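Labels for the chains are A, B, C, D, E and F, by order of writing; each one numbers its residues from 1.
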Amino acid sequence: MKREFDLLSLGEIMLRLSPPDNERITRGDAFSKQAGGAELNSATGAAMLGLRCGIISKLPDNDLGVYIKNRIRLCGVSDDYLVYDDDPDARLGVYYYESGAYPRKPRIVYDRKNTSVNKLRVEDLDPHVFEAARCFHTSGITLALSPELRETTIEMIKRFKEKGTLISFDVNFRGNLWTGAEAKECIERILPYVDIFFCSESTARLTFLKEGDLKSIMKQFTEEYPISIVASTQRVVHSPKRHSFGSVIYSAKDDTYYEEPPYADIEVIDRIGSGDAYISGVLYGLLAHPDEYQKALEYGNAVSALKNTIPGDLLSTDLKEIEGIVKEHKSDGMISEMDR
Amino acid sequence: MKREFDLLSLGEIMLRLSPPDNERITRGDAFSKQAGGAELNSATGAAMLGLRCGIISKLPDNDLGVYIKNRIRLCGVSDDYLVYDDDPDARLGVYYYESGAYPRKPRIVYDRKNTSVNKLRVEDLDPHVFEAARCFHTSGITLALSPELRETTIEMIKRFKEKGTLISFDVNFRGNLWTGAEAKECIERILPYVDIFFCSESTARLTFLKEGDLKSIMKQFTEEYPISIVASTQRVVHSPKRHSFGSVIYSAKDDTYYEEPPYADIEVIDRIGSGDAYISGVLYGLLAHPDEYQKALEYGNAVSALKNTIPGDLLSTDLKEIEGIVKEHKSDGMISEMDR
Amino acid sequence: MKREFDLLSLGEIMLRLSPPDNERITRGDAFSKQAGGAELNSATGAAMLGLRCGIISKLPDNDLGVYIKNRIRLCGVSDDYLVYDDDPDARLGVYYYESGAYPRKPRIVYDRKNTSVNKLRVEDLDPHVFEAARCFHTSGITLALSPELRETTIEMIKRFKEKGTLISFDVNFRGNLWTGAEAKECIERILPYVDIFFCSESTARLTFLKEGDLKSIMKQFTEEYPISIVASTQRVVHSPKRHSFGSVIYSAKDDTYYEEPPYADIEVIDRIGSGDAYISGVLYGLLAHPDEYQKALEYGNAVSALKNTIPGDLLSTDLKEIEGIVKEHKSDGMISEMDR
Amino acid sequence: MKREFDLLSLGEIMLRLSPPDNERITRGDAFSKQAGGAELNSATGAAMLGLRCGIISKLPDNDLGVYIKNRIRLCGVSDDYLVYDDDPDARLGVYYYESGAYPRKPRIVYDRKNTSVNKLRVEDLDPHVFEAARCFHTSGITLALSPELRETTIEMIKRFKEKGTLISFDVNFRGNLWTGAEAKECIERILPYVDIFFCSESTARLTFLKEGDLKSIMKQFTEEYPISIVASTQRVVHSPKRHSFGSVIYSAKDDTYYEEPPYADIEVIDRIGSGDAYISGVLYGLLAHPDEYQKALEYGNAVSALKNTIPGDLLSTDLKEIEGIVKEHKSDGMISEMDR
Amino acid sequence: MKREFDLLSLGEIMLRLSPPDNERITRGDAFSKQAGGAELNSATGAAMLGLRCGIISKLPDNDLGVYIKNRIRLCGVSDDYLVYDDDPDARLGVYYYESGAYPRKPRIVYDRKNTSVNKLRVEDLDPHVFEAARCFHTSGITLALSPELRETTIEMIKRFKEKGTLISFDVNFRGNLWTGAEAKECIERILPYVDIFFCSESTARLTFLKEGDLKSIMKQFTEEYPISIVASTQRVVHSPKRHSFGSVIYSAKDDTYYEEPPYADIEVIDRIGSGDAYISGVLYGLLAHPDEYQKALEYGNAVSALKNTIPGDLLSTDLKEIEGIVKEHKSDGMISEMDR
Amino acid sequence: MKREFDLLSLGEIMLRLSPPDNERITRGDAFSKQAGGAELNSATGAAMLGLRCGIISKLPDNDLGVYIKNRIRLCGVSDDYLVYDDDPDARLGVYYYESGAYPRKPRIVYDRKNTSVNKLRVEDLDPHVFEAARCFHTSGITLALSPELRETTIEMIKRFKEKGTLISFDVNFRGNLWTGAEAKECIERILPYVDIFFCSESTARLTFLKEGDLKSIMKQFTEEYPISIVASTQRVVHSPKRHSFGSVIYSAKDDTYYEEPPYADIEVIDRIGSGDAYISGVLYGLLAHPDEYQKALEYGNAVSALKNTIPGDLLSTDLKEIEGIVKEHKSDGMISEMDR
C-alpha cells in the first residue's frame, strides 16, 4: 500500500517546562522548555527511525504555536495536518515536570483544559487526510480530554478505517483525566476498529476488569474484537533513576507470543515518553518489516529503553543507533564502550 | 487609622516566562521563570518601601500555586488573603514575554483564560478583610478578566469603601481584554467609590473620551466623581532600550498639580511592571506621608524609573535606594558613581 | 500550651556557594547561591510540615543580609527575631561546597570567622521571645563558633527553659570548630536543661566517651540528665551518591525504643542538611503529635531521606509529600511511579 | 512561472560558536551553538517571509551534520538538496564569534578549510534541481572557498540559468578568503549570467575599481552586463552596539533608483547575518511582488534592521512582524510600544 | 636593567561574585565567580601586553586559594611570590558586585576583614624578591586594609627602593576603608619613595587638600617629593552603561604634560578594574618604551577604555588589540567594523 | 638527574565541546568548552601531583590558540614549548563528546584533520628541549595523526633518548585513526627506544597479536625490547555511569608484577581522560619515588579512578587528595564521609 505517510497520529501537543538541575517546580528561576505529548512522541520516534510521519492537532495561532510547530519540524514530523486556532482564547496546553530520586517521586502539574486541540473538528482537515497514511495512531488521552474531542477522535478513527488505514491505539490510562469505568465504556466503542492495541497488564486488569494471566488476557482482546496485535509493556521501577523494561507482543494471526529478556537497570535520565517511544519502535517494526513481530518487539523495547536516557519528551535517535542497541542487547560477548 | 495592613491589592497573579539572552519565544531551550501581575507588582513595590501589604487572589492548589506563594512571601507581601482552588481544573495564568531592541518590538503572549482567580468570590474571604487595610487597590485588568470576577471586584470595592478604606484604582487599559466602550461603562460604575485614580492621558482621551489639555482632563475626573487624587504617567518610548518617564499628580483638596522633570534616557532592562511600580511609589507616598503630594510624585517617578532596570515584573529595592535616586534626581551637583 | 511559635531555633545562617554540574571549587566560572545553616535548616523543614517557626540570628545589614532574609521568608520561617548588624565590619558567613562521586569525596571550605552572628547578645532580643515558643532548638555548632556566642546561647537556653519552653539540642559535632574534649565540657553544662537530645552513636562514643551498645548509651543520657527523648541517627555512606538512613528514638517516660527499617539506597543529590532535616521531622512529630514517638521517628527518617534528594541546604516539601513517603516506606505492595 | 521552490541558495553551512554574556573566546567555559552561513541565512529569511526555499550544500555524515540539518528544518528551509559526505575526513566548518562594545571590536575566528562543502559536485545533485526553482542565489564566499567549489558553483549558475532561473548574486567580499583582484576576475566570469546583483559601494570601488558616485556605479554594472537589478546597502557603524542601515536599488528596466530614509540607531544585539537578511527581504519582495521595487527595498531594509536585534546568524521572524516594522518606519505618528 | 620581572605588584586578591543577567545580589540563584583586586588587575593587564609580571600576596591554603592561584596563572602572572596561610582561620576576601543601569547604581558589598593578606609579613618572602623586578607597584587599598599590612607594605616599599626598583603607587582612595586624613598622613610617609604617582584630580583636592588647576596640582607633587611621573585619570560617568575616559600625564624630567582626546561614549559592560587597567597600560608604556610618555598615556587610555567592555575585574587582551585601538582612536578616516 | 622539567609530553591539544545536561550533540543550544588531548591530559595530571611538566605542541595563532594556551597554564603545565602556526589555514582540532547512560552509549565526533599540530617539525623547537626533561611521553595517537607528524615524533623520540631522557609511550590504539597493522608496524619502530610502555591487554592481543595470559604478554615485551616497565590497565564498563578500574605493572629489573584490588563501582561523571590520568599517576610515582613500583601502581589507579568523577578531559586534583584516596582504598576500617 503506497500512501503519502506511513503514520499519522492525532493528539494534543503541549509545552513542557522542567526545572533544571534537580530543582523543584516550586523554587528556582528557570525552566527548560520542550515540546511533548503522547501521540507526538510516538510519531517523532517513528520518524527518527525512518517512517514518513505526521501529526494531526490544533495549535494556537501565536508565538507558542510557532514554537511547537518549529519543534515538530525539527523532529522530521510533517506539520501538514496541523490546524491553527486564531480565536483570541486559543491556548496551548502546558505541563510542568520535575524528576525524582529515591525517595523523592517525580512530580507533574498539568494545565491542559480548554486548549485549542479540544476545538479540533473533522471538518478542519482536508478529507484526503483519511487516505493519506498506512497507519493512524491515537491514545486514550485524546479520548479523555473532552467530550468534543472524543467525538472528533472517534469519527476520525472511523473515517481512517473506512479508507483501509491500520488503526493503532494505546490505552494510556490517566486517572486524572477520567475514571476507569468511563475509559472502559468509551474504549469499547472503538475497539471494533482497532488493529494494533497497546495495553499494559495493570490497565487490562484495573480498567477492563480482565482476569487470568497476562498472556490469556492479551488473547482475550483479540477474541472479543477484530484486533490483530496486542502489545503489553512491563516496566519495573526500582527507583526514579533505575528502571527495567520489557514487553510481550501477541499476534492473533499466528497465535504467537513474542518476548525477549528485558532491559535491566536502565540509567534513567527522563522517563517521560518512554512508553510512547515503545509504540514508535513497535509501529516502525510492523510497518517497515511486516509480519516480523519479533523485530517489532525488539525495536519497541530498545527505543523505549533508550528514551529513558534522553532529556525531554521527544526522542532523539536514528535507526543505526537503535540497531546497535538491539544487537548489543542480544549479544553475549564483549562490547565496545564507544567507537573511537 | 490603625489597621493590620496599609495596603491590600486584588488581582491575578501569573507565572511569567521569558527567553533569556534576547532569544525569541519561538526558539531556544529555556525560559526564566518569575511571578507577576499588575496588582501584585504594586503591592510588592509598596512593601519594599515599608508598607504592610497583602494580596487578595485565588491560586491553584498545586506546585505552581506554591511557587507563586513562595515568590510573594519572598517579596515581603502577606499571603494571608490568598485563596486556593482545589478544583482539578484549577489553573494559574501564564504569560510569555520577550524583550525588544529597536526596531524589534517586545512581544507578549497571554494564556490567562479560565484561571483560578476568576473563581474568586467575596465569600471566599474572611469578612474581616474589609476592615483590615488602610487602602485597597485594584486595576481595570481585574475588572476585564471575566464577568464573574468583575462582579466580585465591584462588590469588594463597595465593602472596603463601607469600612472606610481608601480606594485606589488604576485604569490599566488592555485592548486585548475588553473594548474601550466596555471599559468606560464598567469603570464609571466604580468611579463613585474611588479616592485615588490612576489614568494615563491617552487612556483618558481614547477610553473616557475626554478632551482638553491633560491638566483639565485630570481635574474633570475630580469634578464628576468624588475622587481626591488623579495621577497620570507620561512615558516616552525612544526605543525598547531607552525610555523617559514622568508624571503629574492632581490633588482636588488643594486644587494643585504636582510635577517634576522626567527621568530621561532610562536604560531599560525590563519595562514590564514599571507602571505598577509607579503606583507603588505614589501609594507609599500618600500612605506614609499623608498630604505631601510632591513627595508621592517623586516616589512614584523614582520607583517606576528604577523598575525599568530590574529584570522580571517584581521590583527589588528598598526605601534607602529610592531616596537616593530621588535625591540625585533633584540635585545638580557632582554625583558619586557608587559607594566604595 | 498556646504560644505564638511552635519552634524557634538559634544559629548561624550562611551563604552557601556550590559549583554547578559536578565542577570543582577550584575551577569554572559560576557558583549557585543558596542560604543554609544547621538550625535554619531544621526550622525550615519543620515550617514546611506545618509548624509555626522562627529563627534567631544576627545578619549583616547589607545586600547579603537582605538576600538571606528573603530566602528565610521564602521558606515560611519568620524573620521576626533576626537582628541586624550595622557595623561596617558586619559579615555573613560563607561556605563553599562541592559534591562528590566515588572515589571523589565531597569538599567543603568554611569562611565563618568573625561573622555577625557572633555578636548576637541576649539584649538584642525582645525579652518576650523567651515565652514566644513551645520549643527552642539549637546545636553544638552554635556553641562552638565563639566563646561570646557560646555564653549568649547558654544564657538563652536558660531563659527559654525558665519560661517553660522545651529545649531541643543537637550535638552536631564538628571537629573543625572545637575538640571533642571542649565539646564535652561545654555540652555537659547545658544537658541539665535539655529535653530532646540528638546525638549520633559515634559522637556519643568519641566525644562523650560512652561505652556499651547504642541503646544502653541512649538510656544513660536520660539517667544522667533530665532528658526525655534521645534520638540517634544511623547513616551508612555506601558512596557519595548512595546512602542508607535510619534512626532510633528512646523515650525515657515509657522507657521504650522506637525503630523502623532504614531507607536503603537513597539516590543522593545533596546530602547537606539531611541531618538537620531529621530534626525537623522529629520535632514536627513531637510537637504536632505529642507522645506518638513512633510517628516522630517515621517523620524524621522520611524527611531526612527526602532531603538527600533536594539541592541546597534547605528542604522543599510539604506534609502531604512526607506522609506519602512514610506510607510507601511502610507498605509492601505495588507502588505508583507517580500520579498522573 | 510555477516551480517547486521560489528560491534555492548554494553555500557553506557552518557551526557557529559564541561565548555568552560578552565573554571572550579566549576565556570562559561555554559556547552557545548555532548554525549559520551567508546563503543559508538568506534562504532562511526568505522562507520566514513565506517563500518556498531550499539550500544546496554538503554536510558531513555525522552528529554535527545532523545538528545542522535539524536547524535548517527548524527554519522551514527544505533539506531536499543537502548532500552528505560519508568520507571519514568529512568535516563541518566552524566559526567562533564574539561580540563587541566600543572600543572593543567584534572578533571572529574561521575554521572552514577542507570542509565537506568543498567536495560538492554538480553530479551530487539530481539534475531536476536546475529547473526546480524560480530563483537561485549564491555569494562570493562560495566562489572563494576553494578552486573546486568555485568550478562547481559556476557550473551550477550556468545550468540554473539555462533552465530559465533568475540568478541572484551577492559579492560579499571577504578579504580573508581571496584578494580583490582574484574576486574581480572570478566574479566577472559570472556576471553575464546574473540578474540580481548585490554589491556595496565600497566593494564596487575597491574590488571592481569603479569610480563616480554610487548611483552611476550601480548603473554601470547594468550597462556592462545584462543585470536587471543592482542593490547596494549602506551601513553606518556608530559603535558595535549602534548601527544605521539603508540601501539603494537600481532597476535597469525602468532606469529608476529606489530609496527610503535609513533605519537609524538600530540597537544591535547580533549584527552577523544582517547583510544576508537584506537579501532575504529584497528577494522576497522581487519574487512575491514582481516589479514593485520600492517594496523590495522596504522589505530588505526592514529585515536587515530586525536581524541586528536577533541573536545568531539565523533570522527569526514572519511576514506580519516585518510589515509592522515597515509600516512603522514609514509612519510619522504615535506608535504603540507593544500590543497588549 | 635586567631583572627577572618587569613588574611585581602587592595587594589583596579577592573572590568576586556577581549576579548574572542584571539580577540583584539580593535575589536569584547564581553568581558568576571571578578573581580580582586592584594590584592584581594592574599586573594582569601589564602581563597581557607583554611585561613579565608577578603578584605578591597571601592566600588561604584551601580550595579557594587554589582557585585564585589558578586564575592568576591563567592571566600569565607569576605566582612565585604568593604565600599561603595554613592557619585554620585563613580566609580569602570576597566582594559582591552588581552592575547598574540608569537610574540604578551599581552596588558592591565587601567582605574583606581578617583576610589572609593582612598576615603577610616581609619575612614571608625570599629576600631576593626585592631585587627581582624593575618596578614595584601597590595602591592605597593595601595601606588601608589593616595597620599590620600597612607596616609590611611600607617596609617592602623601602626595601624595593633600596635595591633600585622603580616605585609605582596609586592612591585609589576608598572611603569605606579609611578617612581622607588617615590616607593623607600615611601616604605622605611613602611619597618620598615613589617614582610614578597615580592620583585623580578629586582625590588630590579632597584627600591631599590641593588647590589650583589640575596641571598645577600634578606639578606640586613633583616639587614636594622626588616623584618623576604623575598621572591623573578623568572619567565622566554619563550613566552606568556609558562613560568617557581620558587622562593627563606630567613628567617632571622634561616638565611636560601629555594628553590626547578622551574615549567618548564607551559602551560599559563592566567598569570594575578600568582604573587599574589604566595603570597597566601606563606602566607597560613606561617600562617597554622608556621616556615615550605620550605612548604611555595612549596605552593607558586605550587599555582602560577596553577594560570597561570586558566582564570581570581582569582584563583579557593582547598588545595587538590595544595597538589597534590606539591607532583607530588617533585616526580620522574610515574604520573597518571587524576583520573578516 | 637535575633537569628543568620532570616530564615533557608531545601531542595534539584540542578544543572539546560537550552538550550540557545529558543533551545530545544533535540538539540544544549550548556547548561547554574545555581543552583536552591525551598527552596534555597526562602532563596535566602529573603537574597537579607536583611534577614540573610541559607540553610540546603546535597551536594556531588565533583566539582559539590563546584559549588553549590559557587552559594549559591554568593547569600548571608549562607552555614554553608550544609553537604557534600563523598560517592563515592554521587550525585547532575540535572534538564533540556526549556522555551516555545505559543503554545509550557515549558519542564522539572528531574534527582533527589538517590541524596545526601536524605541521610541527623538529626544527620548530629550541634544541635544548631534548635535554630539558627527565622523561618524555607521547602516545600512538600522535603517531597516527599524519605521516608528517609521525616522522617528527619518531625523530623527537630518538633525540630525547640520545640525551638520556626516559621514554614513556602509551599505545592508545584508536581504530578511527589507523589500522592495527599500521599501528603495529609503526610502534615496533619505536619500541627499541621505549623505557616505560603502556599497553592494555586487548591492544596487546589485537594489535600486537600476542598470545598467552596477560602477565606473560607483559613480560614478552620486555624480552623483545629494552623496555623496563610495562603497565596494563583493566577497565570494566558495567554501564556508562559505572566502571571498575585496576591495573598491573611489570618491572623487568626485578622481574616482578605489582597489583592491588581494583576500584569497584566508580561513579562515572566523565570517563574521558581517565586512561591518560592513569599515566599521570604512574609517571608521578616512577619519577618522584624511583623504584617504588607498588606506589606507582597505586597512584596510577587512584588518579584514574578520580578522573572518572571530574568533568572535562583535564584532571583537577592535588597530591593530598590522591594520597587520601589511596589510603582509603587500602584501609578496611571506618571512613569519614568528608572533613568538617
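Everything that follows uses one rule, which is that a contact is a pair of C-beta atoms (placed from the backbone, for glycine too) under 8 Å apart; a residue touches a chain by one contact, two chains touch by 3 or more.
Keep in mind that this is a model prediction, so the values were computed, not measured.
Engineer: Work out which chains are contact partners of both subunit D and subunit E.
Structural biologist: A, B, C, F
Engineer: So which chains count as neighbours of both subunit B and subunit C?
Structural biologist: Both-contact set = A, D, E, F.
Engineer: For the chain pairs B-E and C-D, which is connected through the larger number of C-beta pairs in contact?
Structural biologist: B-E
Engineer: Based on the averaged CA atom positions, which chain is farthest from subunit C?
Structural biologist: Centroid comparison gives D as the farthest chain from subunit C.
Engineer: Averaging only over C-alpha atoms, locate the centres of subunit C and subunit E and give their separation in whole Å.
Structural biologist: Here subunit C and subunit E have centroids separated by 45 Å.
Engineer: Report the inter-centroid distance (CA atoms only) between subunit A and subunit E in whole Å.
Structural biologist: 62
Engineer: Would you give the residues of subunit E that are in contact with at least 2 other chains, written as numbers and ranges?
Structural biologist: Subunit E, residues with two or more chain partners: 20-21, 24, 26-30, 32, 66, 70, 74, 107, 176.
Engineer: If you look only at subunit B, which of its residues touch subunit F in the complex?
Structural biologist: The contact residues of subunit B facing subunit F are 28-30.
Engineer: Please name which positions on subunit E make contact with subunit D in the complex.
Structural biologist: 20-21, 32, 74, 263, 265-269, 302, 305-306, 308-311, 316, 324-325, 328-329, 335, 337-340
Engineer: Any idea which subunit F residues touch subunit D in the complex?
Structural biologist: So the residues of subunit F in touch with subunit D come to 17, 20, 24-34, 62-64, 66-67, 70, 88-89, 91-92, 94, 96, 98, 107, 109, 111, 113-114, 176.
Engineer: Under the stated contact criterion, what part of subunit B meets subunit C in this complex?
Structural biologist: So the residues of subunit B in touch with subunit C come to 66, 70-71, 73-74, 76, 318.
Engineer: Which residues of subunit B touch subunit D in their complex?
Structural biologist: Residues 21-24, 26-27, 100-108, 110, 174-176, 235, 237, 239-241, 271.
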